[in-house]
Amino acid sequence: MSEFGRVGVAVRNIRRAEVHTVEALGRYGVATIHEAQGRTGLLRPYMRPIYPGATVWGTAVTVLAQPGDNWMLHVAAEMVDPGDVVVVALTTDNDDGMFGELLATSYLAQGGRGLVIDAGVRDVRALSEMKFPVWSRAVNARGTVKATLGAVNVPVVCAGMLVEPGDVVVADDDGVVIVPKDRAAEVAVAAEARERKEEATRRRLAEGELGLDIYGMRDALAKAGLMYPDAEK
Amino acid sequence: MSEFGRVGVAVRNIRRAEVHTVEALGRYGVATIHEAQGRTGLLRPYMRPIYPGATVWGTAVTVLAQPGDNWMLHVAAEMVDPGDVVVVALTTDNDDGMFGELLATSYLAQGGRGLVIDAGVRDVRALSEMKFPVWSRAVNARGTVKATLGAVNVPVVCAGMLVEPGDVVVADDDGVVIVPKDRAAEVAVAAEARERKEEATRRRLAEGELGLDIYGMRDALAKAGLMYPDAEK
Amino acid sequence: MSEFGRVGVAVRNIRRAEVHTVEALGRYGVATIHEAQGRTGLLRPYMRPIYPGATVWGTAVTVLAQPGDNWMLHVAAEMVDPGDVVVVALTTDNDDGMFGELLATSYLAQGGRGLVIDAGVRDVRALSEMKFPVWSRAVNARGTVKATLGAVNVPVVCAGMLVEPGDVVVADDDGVVIVPKDRAAEVAVAAEARERKEEATRRRLAEGELGLDIYGMRDALAKAGLMYPDAEK
Amino acid sequence: MSEFGRVGVAVRNIRRAEVHTVEALGRYGVATIHEAQGRTGLLRPYMRPIYPGATVWGTAVTVLAQPGDNWMLHVAAEMVDPGDVVVVALTTDNDDGMFGELLATSYLAQGGRGLVIDAGVRDVRALSEMKFPVWSRAVNARGTVKATLGAVNVPVVCAGMLVEPGDVVVADDDGVVIVPKDRAAEVAVAAEARERKEEATRRRLAEGELGLDIYGMRDALAKAGLMYPDAEK
Amino acid sequence: MSEFGRVGVAVRNIRRAEVHTVEALGRYGVATIHEAQGRTGLLRPYMRPIYPGATVWGTAVTVLAQPGDNWMLHVAAEMVDPGDVVVVALTTDNDDGMFGELLATSYLAQGGRGLVIDAGVRDVRALSEMKFPVWSRAVNARGTVKATLGAVNVPVVCAGMLVEPGDVVVADDDGVVIVPKDRAAEVAVAAEARERKEEATRRRLAEGELGLDIYGMRDALAKAGLMYPDAEK
Amino acid sequence: MSEFGRVGVAVRNIRRAEVHTVEALGRYGVATIHEAQGRTGLLRPYMRPIYPGATVWGTAVTVLAQPGDNWMLHVAAEMVDPGDVVVVALTTDNDDGMFGELLATSYLAQGGRGLVIDAGVRDVRALSEMKFPVWSRAVNARGTVKATLGAVNVPVVCAGMLVEPGDVVVADDDGVVIVPKDRAAEVAVAAEARERKEEATRRRLAEGELGLDIYGMRDALAKAGLMYPDAEK
């Protein structure tokens, strides 16, 4: 029913990651979650927030859209549940402004929390004032038609990363990370452990201790052959 | 007298769009104007404002500059009338910083309102503090020479769009749109109509009504063959 | 001892530009310094600050890093003296997030003032709140390994510009400029002269005088053949 | 066992598409197969063959490699069966030359037919003389280390497309297309039907009949409002 | 009737440059024609031929196409006269494969000589074998729909250059140049003069004379301040 | 006398690498030399030959050119000695066609062997027929002026790599590598050793032996934790 990249379907009643797990992941930054799940899950870094400080976490409603055509983003509005983040992939590279203030108003009214779109977005001042967070590859006023079917809630590749409907999406100034719904609980635990450990390290570094010593890197550097010559004067 | 892309001339006494039409267009955003004139007129989306919230509207003084050379931007200063926006095209791709605080001071003193340049700009902090709005393809401290003629007030292609001297330029966070001077009045009317209609739609969407119903898309989607399967669990 | 691009060494006791010269250069913007040293020294304009208004000046500790590997950034922490700016070049194009909050904490504790990195950076919100200035080619949450030697304090090419250890680095919203340590004093003098001259020009332009007259360009334009036809109506 | 993007594993005994289906698909071009499976399956068009006329079809052995590191390409050599095409995805954007004449010699000796790599390749003259077909994002002499684990035979995203081990890969001058192994038979049938139909159309077009008539487009164009004015003279 | 960028029209009976002028221009290379008309008329250099040695000259039939949609290329087929070259501009950046063997067969049957398209092209092996010359921004197997109107024979901007229906198009390995139909005769004369002059220069250079002397550059270089120091040994 | 990036000078009587060393290096490919000197010396991979099979080796005459200006390429002609390769860096990113058939004729007449240029080149068909090898970032018919001084025979950064006058340049289908003149002899020895070793490895791989065994990688892979699960069926 939900084949990769299949067009012509809008899949209902998807299974979503559990709410408390999503909320647990929402406490951590994108960089922390990416590390906690073994350095996987990141979208390509060309995906940027439309305003500084934008942050979102939620469950993915996926959209596969055609170039220059935002029909499926309207279909998706009906499938947004409270807590969802809409994730839009394209069938080909396209920067058109597929999303603006009106769709944001609609998604918000359905309980949507934000948007991740591998295309363009417009009305960015209004979106910023509404505090509707968006990560996109471009800001572009160019409008789109509504003529060709794509899909909603099929697995897609968005900005280089596989996203399945119901997966967890976390995004902040550093970018966007996807956590597969079946790994979400374990990743939340690992993220917490990582954050605790980093806090301790931060204190030691602030006091002037070196990472070389805290992480015990000196032996490995010597073994790899690092030399410390003096500069010629 | 004002042949496309011709170099070696600075054309005086260009015909400009009428002031009240320019001011009427200045009430609308770039996305609205672009839609109102049939989805035409946009510059490529790589043209970005140097600070968030930058906005400008006015009549175009066009410049055709050579790579690494801002001589013609000085010639243009003499041709700026109150209400003008200078639009700079290049004869080839070039990111050098052709414009900075001094030229902005000069353009302002002549009544200029802003700059759209398919090249680089520098002194961006000073320009932001002066609230001198600029849309450019790059921020770049690299300076330029004054050695080779280009042109002022000939038709040019700037960031993929034809611009004629005297055309209306409107720019905001979403990008830059050009309205040909002879279509300006009709586009202003269409923009107002569009905005009024969007306001009504926005209210309905905010109350939870779906675009699928407001725009009557369900029949077309069914006809195109969209299916609504349930997800496999 | 400090051969261009040599890997496997971390050079100690580099000679740095003199403190009072560095501080003198820190009074000028990047565009001014670039002009004052004959339009040289700029890094490519894809190097952007992570927050508006970021500014730094100091002496370069150079790093040559491998793609996906930030080991040498930890080695560099030990070599940072108060007043240094770390400048990271890569052996190949790579956007991974090699630097974040922890390394910034460490560099700050050693007296480091900022970072210039021809790769990615992460934790940008935390870095912005710490006011730790960074210029990078990308923001990217992707983490790195610590497996392969690069170098510290060898001459490198960073974003298209040669940087030698101890050179002066000045960076602001306009980009990043390098002043070779042996030219620093002379460039500081030239920068001051330039700034004074520009101040006088700015006043005249603000009063409506034209650059064409202030700079005496009219003869050269006429000689080059510039014509001033009237527009066809 | 073969989770998406998982590192640290080299999966044995993958299930491959059936030989006769692969060979059937090998009779069609990439454009035909892409159309036959509903305009899906294409890698991004930056993937280019290293010599004109390169063609390959076979079953995918997938590799997930780290930037600047080709260790996993050596691990993959052991997993290549006759008829395989190695498909290399990267954990991040990287153009290094991960593959050259020696690995090609090894893959050929194991029965490998070609390579699709979202990174760089080197020794392209030797590879061209060997007629070893490669599609890559770059030609780059830069060598790599062997230091960090990736994976072999896990699902990957290569140049924007999901590839599962054992899927069918077809590549020619037009690019690279993936056919999921479970759809391969049906796609081969559709490709044949398409090709037959196109042959008939080609003959009619060559005799001067218009696509407008053959495809019956005139009504739809009229309905969409296309007008045929005469040019102003 | 033929407004810039207007959609929804296919303009008949355009005025074309005169045949003997087109044929005269066809004797010169793109670089020569570009120089002969004052260094104008070139399309951006990302437009590349699909096979080495591709050459074409003719009169432009212009097309404005929507992203992912090649409907207008079919409409254009009916408007191609013997000696025409179809020039396709897009309303937005798009790399889809809008043109292939079937359309080439049709254009050839109508007397078309080649294609210049600011999008993608497919079936490049077949096109190369047919010797149907194409300049494009990409090779891409991705197919397109036929759903949204664009235009035929309106002025367009293609790869940064204004093209009017009936203008002369000349293309070779160096790129694509447009000669406005009303300047074609004068440019052909200038091109011939330039070529004759270059032939004489070539002979002198081949005999070892220097451009510095042939073009008399030494005085200007000295005046600009060029110094000839010896290298330090 | 030959300061990095200094403009306004054309340095005479540079010291070049010794002829027999240059010829020795000319026997090896770019990839081999790059490895033999510790994976350094490569220009960025966007530098591509203008025809397949282009090869050159020789000593560098360096040029620093301004955007849109090829004056210094004419100055360089006088400084070319038999066996030289001209290496052109730009003060900023620029793709203009700075070099064509006439300059190639002149360089050849002086004994020049080829060109490496971080800008554009034109007349590529003529250059290919002359077998004059060029590596460039673009093919572009756009011509240039002769108005602003750059430099000849100063150290430059070309495509990301430092090049000093007299250094060895080797280029082939894989790209361009620079060998500093004082390391040339040692690198030639290392290249020969590497080639001999590779020849032996190639034979073993061709017979079906695996790199895993030849290079003894299995222990390191196991230590790094690589697992070999079976696929789920």
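Order of writing sets the chain letters: A, B, C, D, E and F. Residues in each chain are counted from 1.
Operating definition for what follows: a residue touches a chain if its C-beta (ideal position, glycine included) is under 8 Å from a C-beta of that chain, and two chains touch if they have at least 3 such contacts.
Remember, predicted model here, so these are calculated numbers, not experimental data.
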Chain pair equivalent in interface to D-E, over half of contacts matched, among C-D, C-F or D-F: D-F
Equivalent interface positions on subunit E and subunit F, same or different at half: different
Rounded Å distance, subunit C centre to subunit E centre (Cα mean): 40
Whole-Å gap between the CA centroids of subunit B and subunit E: 27
Sequence positions of subunit C contacting 2 or more other chains: 39, 91, 93, 95, 142, 148
Full enumeration of touching chain pairs: A-B, A-C, A-D, A-E, B-C, B-E, B-F, C-D, C-F, D-E, D-F, E-F
Of subunit F, residues touching subunit B in the complex: 66-69, 91-96, 142, 145, 147-148
Interfacial residue positions of subunit D with respect to subunit A in the complex: 4-7, 38-41, 44, 91, 93, 155, 157, 160-162, 180
Contact footprint of subunit B on subunit C as seen in their complex: 29-31, 34-35, 39, 42, 45, 48, 52-53, 172-175, 177, 198, 201-202, 205-208, 210-212, 215, 217, 220-221, 224-233
For the subunit E and subunit D complex, residues of the former touching the latter: 1-2, 8-15, 51, 71, 74-75, 77-78, 95, 97, 100-103, 105-106, 108-110, 120, 122-125, 128, 138-143, 146, 148-149, 153, 165
